[in-house]
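Two complexes come next, and they have one chain in common, chain A, joined by chain B in the first and chain C in the second.
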Partner chain A sequence: MIVFGRRVRMEQRLTTPSSLLVVVPVLSVLFALVVGGVFLALTGHPPIGTYLDLLDNGYTSFYGITDTLGLATPLVCTGLSAAFAFRMNLYSIGQEGQMYLGMIGGTWAGIVLADALPTAIAVPVVLCCGALSGAAWVALPALLRARLGTSEIVSTLLLNYVALNLVNYFIFGSTGFFRDPTTSFPQGRTVSENARLSPLSFFTDKVTNTYPTFVIAVVLAVSLFWLMKVSNYGYETTVYADSPNTARYAGMNSTWLQSSVLLISGALAGVGGAMYVVGPAGKVDPGLLQIGLGYAGIVVAALARYNFVAVILAAVLFAGLRTGGNALQASSDPVPIAIAVVLQGAVLLFALGGELFRRNKVTIVRVKQAVA
Partner chain B sequence: MKRRKVIAAAFAAAAMIVAAACGSDDAADEEVTEETEATEETMAPAEDYSMVKAAVVYIGVPGDAGWTYQHDQGIAYLEEQLGIEVTRLENIPEGAESVATFDKLARDGYNLIMGTSFGYMDPMLEVAAKYPDVCFQHASGYKTAENMGNYFGAMEEARYLSGIAAGAATTSGKLGYVAAFPIPEVLRGINAFTLGVRSVNPTATVQVAWTSTWFDPAKEKEAAQSLLATGADVIAQHQDTTAPGEAAKEAGAKWVGYNSDTKAGDFPDTWLTGPVWNWGPHYVKMAKDVAAGTCDATPYYGNMADGMITLGVYGSGVSQETQDLIAEKAAAIIDGSFLPFTGPIKDNEGNEQIASGASASLGDLLGQSYLVEGVIGSAKG
Partner chain C sequence: MNSNIWLLTFADAISIATTLILASLGAILTERSGVINLGVEGMLLMGAVTGFVVADSSGNLWLALLVSVLVGVVLSAVHAALTIGLRANQIVSGLAMVIFGTGLSQFIGKPVEGLPRPVIIRPLNFGALSDIPILGPVVFGHDLFTYLTWLLAAGLSFYLHRTRPGLLLRATGDAPATVDAQGGSVARIRWMHVIAGGALMSFAGAWYMFARAAAWSQAATTNGIGWIALALVVFASWRPLRAIGGAVLFGFTLQVPFTLQAEQISILPPTIVAMFPYLVTLAVLVALSTPRARRLLGAPKLLGQPFVRDER
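Right, the complex of A and B next:
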């Protein structure tokens, strides 16, 4: 590519200098802020003040960060789900649907099983049921992929729409099990109180919107990170991801590896949906359909470069942009939601775009002007 | 190489998020800056209402020229009448994100917080319990608390009247109705519309297409197109935008709008009329209550008699004769001598729902869960 008489070349890096791991993300975010700032200035909003407001409402104030962590909780799970599959070169984009199924399965357990159980057992049971439902939702794509090589991208994506309609059917289309029997208004039947966790509160009167499930999500991420580092299974999936042929030659079972990775990925997204049940929702809540936390999980995974611990940070970054962006509308100089979303988009696009520079070395060489 | 692919996929996902936002931005651009009728009486506010710190949370954007637009008109009326400024939050999804939003507004010292989507009800109830000194008001739900009221209205009255216009306008006897979700509010609207249609055109049928969304111009339009494809020549709707009207216009069919008639002029040949909300006076009342130190927590159900519900302007397709008939029925509804839901009314499965001579009580109406005879479609979506 020749730009302004200079040849710009990209070469893939063999190793990434560790300094770049910090420099690239920081520069990407700064770049995004500059671009977003131009946007803000053009629409008559002071960029610096708006950014400080965003920072305050999304991250640094007590309620800002706790609102953000609450929203980030299911997002950590869907992010882990995407990262887990993507590291194996399995591009399951079914997190959205698996999360809905986790919500449905978790609610089922919360209604049927939880009444007889103490909270300490009921909550894990609900989360497990959510995980199983999420895994079940990806079982068919996993089987098709492992046995017939069917593209998991298409099959998981299509199942998202089925899951979406399933939730709508349970709440709006039927008066069945998941529908609140006490009213003709369409809403979910609430789970047993035993299956609910109270939001975290500090200094007794400061009730936040963060639930203890956030801690569970963090523990999940860290243990996944550790397990995949030390376990035989982690090693096998890494080998398989690098070279399926090598893995097969070494006697690894590719059918097992592919299907198990997809099933675990589905289970992780399912847990996210179940966390929504034990946390804020307490029922099958079509409100979850409007947030798109499953698709956002894909972005989070990419931002985190499939590193399970980094998923936590990426999820918090993403969720903070959402809560902060919403709150900007209520600031003293209200910023329209559309501009807030453009800001979010800019940060995400640049953060992903920065990848290019981390992976590739860019060289710029002056070329002689060709005489026409 | 495969990694590249996924970066591309992630880019696409991020781009989709931005595109979605830009979509609603476009819609906002279309917003018409039309003056409300209220501007005629721009008196300086007699009292100081600056202690009312009000915020309203919308599911969509005022640019929808429908549900949110009409609420926004009401909010603008409130601002002008009381000389205060209201903070507006647009595009806030239901569920966890709305909890955080209501919570933040209450923390920031707003003392009147309004939400205009059904799904905000439980989030609002949850937050209201934490802030007993803040007045919460929810449109379209049914739950209340000591510091949380709700407000809605008998849209079925105006829907019935719009049905008369539609029933007189159809030549094929087939009408289409684009509807969001099979919930009592929507079923009631379809039923009232159908009763109106069949009062002048007893054999006409109304086919329903469900969209599972309140606000999605593309889906609303698609649903209208599918109805038009089955031969419908009038399209009615229970949706937030004017997209079904666009589909009808393209097919040369007539259109009965909803929420607002602000766009009627863009559909000179196809607009018939539409049932319209007038929220402003009730918003003023809510704010005045807060200024007086109270929070009206009783459910408010407005109607045509108190002006919360009106029928919009007529298009060229409504004859004078029909207009006179509608005016007569409207007067009867307003003075209480005519109730649209008066038996005998059968559902579309042949069961009697309202006996001959009986009328549905408000409670029955609010929980209505069937579709009347003449509607093609299922009350289960």
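Right, the complex of A and C next:
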């Protein structure tokens, strides 16, 4: 490509300078803030003041950061779910639906099983049931992918809408098992107290919105990172992701690898939904449908470049945009919460563009004479 | 239950199919060049909301449609720049467009949320023709753009299969290296069709806003139609004319829940009926994935892969 007598030359890097690993994400966020600032200014909100508010309400104040960590908890899980599938070039975008199913499965366990169990067992049981439900929701796309080669992109996405209507059915459309029988107001039946955790107080006497599940999510991310580094399974998926042909020649079972990765990815998103039950919700809560944590998980994963530990940081960054955005919406000069979503999308777009500079050495050279 | 209501449902399905056809034609053009744009849903929303806002302040339908087409051009140019110029992952870039488009449309649409449509696209008046039983509502009950959309599908079919640029386009999706060796510019062909496709998607959103939606109501305005349009591309096996039939089928499943509700037929709860369009789409996808169907499909062979000359 020759522009104005200059040619852009790209050379693939063999190793990425470590400075770029920091510079590219930071610049992505800065550029996104500039884009968001343009829209803020156009709609008559002072950009810098709005961002300082966002910073305060999302990250630096006590309630800001604790709200953010609480919101980041399921987001870490959906982010891990997306990262786990995407790094294998399996583009499952069903995290949203799998998370709803995790919420439903977790609530079922919390109502039926938890009464007879002590909290130390009940909570893991609820989380496991959530994981199983999430995995079950992706089983059909995984099977179709394995047997017929049906693209998992569209099939997982379509099931999100089915799951959304399923939650609506349980709460608004029927008076069945998941509906609170004590009131005619449509809300979910609360799980047993044994299946609930109380929020962390961070050595103060304040009540926060961060639950111990955040710690579980972090442990999950770190152990996943470690397991995929040291285990045979982690090695096989890495080989398969880089070169499916090599994996096949080496005798790896590609059908099994693809299906199992999709199922684990579903389970991770399901755990996120169950954490919502153990933590703030305690029931099937349609409020979760409003936040779009599943789709945000994909953005988080992409921003973290499918690195499980970086997912934690990206999730906290994104959750902070959201909680900060909520506070802005409620302030005296209300800024629509959608600015947070705009920023999320913009961060991802710039991070994607930045990938090129991370992977290639880009130089611009003057073309002397075009040689055919 | 009268049979007339089902006839009207069918007529409605043909009408609602216009959005699906336009959006999937856009996606077909894009994907034929070898680029996949998953951002359809975001494009629809952006087209709908910018059209609404412009119409709200100017009262001019044509200006509104023009602006939303331009918005589609800009958004798809971003996708093209990322995926063709910067060789970013097409899937992730498309998803980013959905998220960015959803957020931005909600941000822009906040002040006009819930307002009635400032202008409305109405069905054409065919006089006595509209009163013919059955044919009247089904064939003569639509607006100008619905008929133009059918013509466009036919025109694009001709373009793809009977013209030289169409041949080059198909070759770009199937064997970009060949196009390159033959002296064509893969990047230019991809840029042009990604942008043309984006313009169509965005226009589809604007049409939906002015012809079908009651008011701007955030993300609920399109309710996943963009994703259904993407599934429709597979259903139509990347052929423009086949998109019409599929769009009517999907339009019908989208319309049935409303009919059942209006007729107060409550065999199933509405939340369950609302799952149908997605389940039907999924069932169709599965049917199309069987090895036999697959051979007949003819998806662009190198869909989703960036073209880099020296890495061929």
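The rule is simple: the second predicted complex is superposed on the first by the 304 of 372 C-alpha atoms of A that agree within 3 Å, B and C clash if a C-alpha of one lies under 4 Å from a C-alpha of the other, contacts with A are read in each partner's own complex, and residues count from 1 in each chain.
Going forward, a residue touches a chain if its C-beta (ideal position, glycine included) is under 8 Å from a C-beta of that chain, and two chains touch if they have at least 3 such contacts.
On a predicted model such as this, the values are computed, not experimentally measured, just so you know.
Residue contacts after overlaying the shared chain place A:A302 against chain B and chain C alike. Residue contacts after overlaying the shared chain place A:L159 against chain C, while chain B stays out of touching range. Shared-chain residue A:A338: touches chain B and chain C both. Shared-chain residue A:V207: touches chain B; no touch with chain C. Judged by the touch definition given at the top, the superposed model places A:G287 against chain B, while chain C stays out of reach. Between chain B and chain C, B contacts the larger number of chain A residues.
Contact with chain C, but none with chain B, is seen for A:L148 once the two complexes are overlaid on the shared chain.
Look at A:G324: by the touch rule set out above, it reaches neither chain B nor chain C. Of the two partner chains placed around the shared chain by superposition, chain C is the only one that A:F39 touches, whereas chain B remains out of contact. Counting contacts as defined above, chain A residues 86, 91, 93, 153, 165, 168-169, 172-174, 295-296, 298-299, 302, 336-338, 341-342, 344-345, 348-349, 352-353, 355-356 meet chain B in one complex and chain C in the other.
Of all residues in chain A, those touching chain C in their complex are 1, 39, 43, 86, 91, 93, 144, 148-151, 153-155, 157-159, 161-162, 165-166, 168-169, 172-174, 295-296, 298-299, 302, 336-346, 348-349, 352-353, 355-356.
Chain contact summary for the complex, chain B toward chain A: residues 2, 5-7, 9-11, 13-18, 20-22, 24-25, 28, 55, 61, 87-101, 103-105, 107-108, 110, 118-119, 122-123, 130, 141-142, 181-184, 212, 366-369, 380-381. Chain contact summary for the complex, chain A toward chain B: residues 57, 63, 67, 70-71, 86, 89, 91, 93, 153, 165, 168-169, 172-175, 183-187, 207, 209, 276, 279-281, 285-288, 290-292, 295-296, 298-299, 301-303, 322-323, 326-327, 329-330, 334, 336-338, 341-342, 344-345, 348-349, 352-353, 355-356.
Residues 38, 78, 81-82, 86-89, 91-93, 95-107, 110, 187, 224, 227, 230-231, 234, 269-272, 274-275, 278-279, 281-282, 285-286, 289-291, 294 of chain C are the ones touching chain A in the complex.
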